[in-house]
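Think of it as A, B, C and D in the order they're written, each chain with its own count starting at 1.
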Amino acid sequence: MVIVIQCTDQIGLVAKISGLLAAEGFNILSMHEHVDKAANLFFMRLEVDKQTEGDRPLEQKLHELLPQGALIRVNPDPVKKVIVMVTREYHCLADILVRNYFKTLGATVQCVIGNYTNLADICRRFDVPFHHVSFAGSSAASEKQILDIITQYEHDYIVLAKFMRILSPDFVSRFPGKIINIHHSFLPAFAGANPYRQAYERGVKLVGATAHFVTDELDEGPIIAQQIISADHSHTASDMIKAGKEIETAVLAKALRVVFDDRVFIYKNKTVVLE
Amino acid sequence: MVIVIQCTDQIGLVAKISGLLAAEGFNILSMHEHVDKAANLFFMRLEVDKQTEGDRPLEQKLHELLPQGALIRVNPDPVKKVIVMVTREYHCLADILVRNYFKTLGATVQCVIGNYTNLADICRRFDVPFHHVSFAGSSAASEKQILDIITQYEHDYIVLAKFMRILSPDFVSRFPGKIINIHHSFLPAFAGANPYRQAYERGVKLVGATAHFVTDELDEGPIIAQQIISADHSHTASDMIKAGKEIETAVLAKALRVVFDDRVFIYKNKTVVLE
Amino acid sequence: MVIVIQCTDQIGLVAKISGLLAAEGFNILSMHEHVDKAANLFFMRLEVDKQTEGDRPLEQKLHELLPQGALIRVNPDPVKKVIVMVTREYHCLADILVRNYFKTLGATVQCVIGNYTNLADICRRFDVPFHHVSFAGSSAASEKQILDIITQYEHDYIVLAKFMRILSPDFVSRFPGKIINIHHSFLPAFAGANPYRQAYERGVKLVGATAHFVTDELDEGPIIAQQIISADHSHTASDMIKAGKEIETAVLAKALRVVFDDRVFIYKNKTVVLE
Amino acid sequence: MVIVIQCTDQIGLVAKISGLLAAEGFNILSMHEHVDKAANLFFMRLEVDKQTEGDRPLEQKLHELLPQGALIRVNPDPVKKVIVMVTREYHCLADILVRNYFKTLGATVQCVIGNYTNLADICRRFDVPFHHVSFAGSSAASEKQILDIITQYEHDYIVLAKFMRILSPDFVSRFPGKIINIHHSFLPAFAGANPYRQAYERGVKLVGATAHFVTDELDEGPIIAQQIISADHSHTASDMIKAGKEIETAVLAKALRVVFDDRVFIYKNKTVVLE
């Protein structure tokens, strides 16, 4: 069973928490904690050896013990529910569908929403519903359509798996800390459109990818994972795109793993990833 | 102040230790722990915000609290004393001498022992004593000479910074867990002599380096740090040697940093590195 | 159009080849060459801007120009035909099936042969024939069955995508330079069975994967690609396996890309990869 | 002997050049070339087995053969002359001084210019002249002083090894393509001041370094080499600085190696690095 805690830092928090768990008969299998001294915040993720039961749940006892305003989750669902949004590129989606099919994603893909139709067939092959929402008309109308689809499905997260349209602040504000995007550059370098073209023009020697939570500032949300691969003068912009796909897939997979595994905390415009 | 603990695992150890520290008025600045479930061992490294004092030291209280046989160090000297042994290659030694000179090594180099004389001059430039011990005659006589030199200096660790002679089991057994070697391959691949030649013949696509504690089995001691760089068909054996030097320097520097910083625990034939 | 050449080295080979191509009206789009001086061998891969035609083919002219015994391929089929063999793990197979489906593999998967049946369904979803060959009985009988299946399909390469049975020297010798395997360690470290268990016991700080051509010496064939990821004391053997899967998939994908793209030359027990 | 060529691209250039070299009796030991098709430029670096001599030098013959305006260097001095400029940090300077002392830098350090005095002693230990130029007063006066020092020494390149003052466009314009800087971020992310602070605030998961030629646009010159290391939430800004030092040293060393080895071509705002 997983327990995650985020609260104001205090002397003796670890002693308090571990003392309570010992008193309640839980054995700690793993414990990761972090203190941001500048922000005076304490973060902890625990795995314990049995599940809670009884009339007075552990979460309540932790709230009594910890500073006011603590965010505490005891025993979050280990299998999350996700909606995936795509445009035309297949690599991130296919990776997600394969892991979903083999039950190694840590989540269930409820449906896929695409603004093109070319990825409908692979969804069908994996028995995952695909909804087509064109952006040919007004963005507002398209977003309305997407919201209508989303409300049909339970979901914990929305994953933008190479969804190439910018979502409105209104849309984004409905799902704070719930939308995960893969951006095809090493942010904050090359935010915005055509990052590989920008990277090519700039003559960089590395190409990167960044998975982050979406906020209403474009490409400025909290970063979850980043990785790079080498590039050189022999890479055209389209070579960079091709090389970038592999790293995008890997970075998004890594980010989803830690998010679905309840290892990611958001504060300020950053993440703490406890693993 | 640093506290390091290695003991048999038990339920509630974290609660006990953090409870004692809170009771004694220490604030925990950082805490890293690891449990090897198979070996039933608990490892912890803490940084707390003040030093111990008074008539009943913290170490004693921890011993009373923890399972019998616990290894506990409270407030180990943050600057270690080291003896460096070399043959002819300069790269690791020079890196150590530079960090020593700028006081960023986490250790003081007491002296350098070399079986050639070409590195005497750089030691002299940094005001570090250099002792020449030829291996032209019998190894036993040379080792005897080295032991005589070593006994002249206080030392916590002996660093083999590209020392290319094999030390006898008798020599090694005098300094258990105290001799650190840099091996120029990704162990256990290419143990023994001429690893780059072996790597070249095998046509590997990566070249590595391994820092490890020395035991009486050649190149088989507990690994502290490893890293690799890419190689390809265009690398001759001597290109691999050249490329390898950079990674050897970096891997040894990393290993020394974590050892001198009291982050490394040895058990079975492995290390736990808490950082 | 691609041209690949492997021959004894000689002074002036580049001048001869580039002169002939200029005379025949080909513009060189890219040229990579390598000389192994110790082996006295010359390797070259060219891309030129048009295809050959006419009554006297370019290959013939190159043979007249180059040293006797030169291996020359002009305009090899850019889409190879492959047979994939698997046991129970899905990650490499799924990656291959996805790329095959989206026509980015550089090859067509003719069929999949598995010694378990759990991967039959994903093959069916991608309309790729799956053949089950049990190894419950004698290996010789199973290999005979596999050979019977293989002969039903045209194929350029056989890919062992986590096929966990050892193929007999007789089987391997029928397909020299045609069988590609992914081994789940950084060869030559941890050859043989259970490499992750071996790596865990040894306490390594990196976990790797190696793609190589299969020869009759187990895990000793020419290496095509290798990569590693970091590990530490917190990785159990099964964590290493999980982490390893990602790198296995990436390394096999990379190896297949360069082999199918006619960038890999085999000689002695090595490869030259021109890219 | 090294030959480097940069010129307008044309069909048959490789044939022409390799033909001339064969006719003149040179054996090509290595050849690297690159064509930027968009820019219509051809780049080549050759190593041949003997040096030129005689009354009609090879450079002249190449000029006759190649398109007008070709940049050709035959037999550039393999040991460059460099002036190093520093502020207070030692890591890049010490690495350069060590390689200089052991004659593995590919260059001779003529002198070091520092705007603080703390690095004078290590220069003295290596018998390298150190000149102190304070920036306490007007920058213009300080730059004038630096120029006076520079004119006392022959030099091919000026290396800014953590020189933390911005040089004026007037200064920079005197040394086009001759000033090499190490910037402590993965450019173009975090250009300008305090990149590690910026990186920390942004919560990035990777920290990088970039070696580039200096132009009059701050941190915008052609990139020679870049590399990154992982960071995470546990890194404070000062941890990032510490981790960054190692990668800065490595990236600058790599950039100097390829520049001093005549492997770097500049065009537009990019480099081609042939190796």
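FYI, a contact is a pair of C-beta atoms (placed from the backbone, for glycine too) under 8 Å apart; a residue touches a chain by one contact, two chains touch by 3 or more.
For clarity, every value in this text was computed on a predicted model and none was experimentally measured.
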Shared interface numbering between chain C and chain B [over half = same, under half = different]: same
Superposition of chain B upon chain D: rotation angle, C-alpha, nearest 5 degrees: 180
Would you kindly tell me how far, in whole Å, the mean C-alpha position of chain C lies from that of chain A? 35
Distance between chain centroids, defined by C-alpha means - chain A, chain B (Å): 38
Of all the residues in chain D, which ones touch at least 2 other chains? none
In their shared complex, chain B is touched by residues of chain D numbered 90, 94-95, 98, 101-102, 122, 125-126, 246, 250, 253
Name, in rising order, each residue of chain A that touches chain B in their complex. 11-12, 14-15, 18-19, 21-22, 27-31, 33, 35
Within the complex, which stretch of chain C touches chain B? 34, 36, 38, 186-190, 202-206, 208, 222-228, 232-234, 236, 268-273
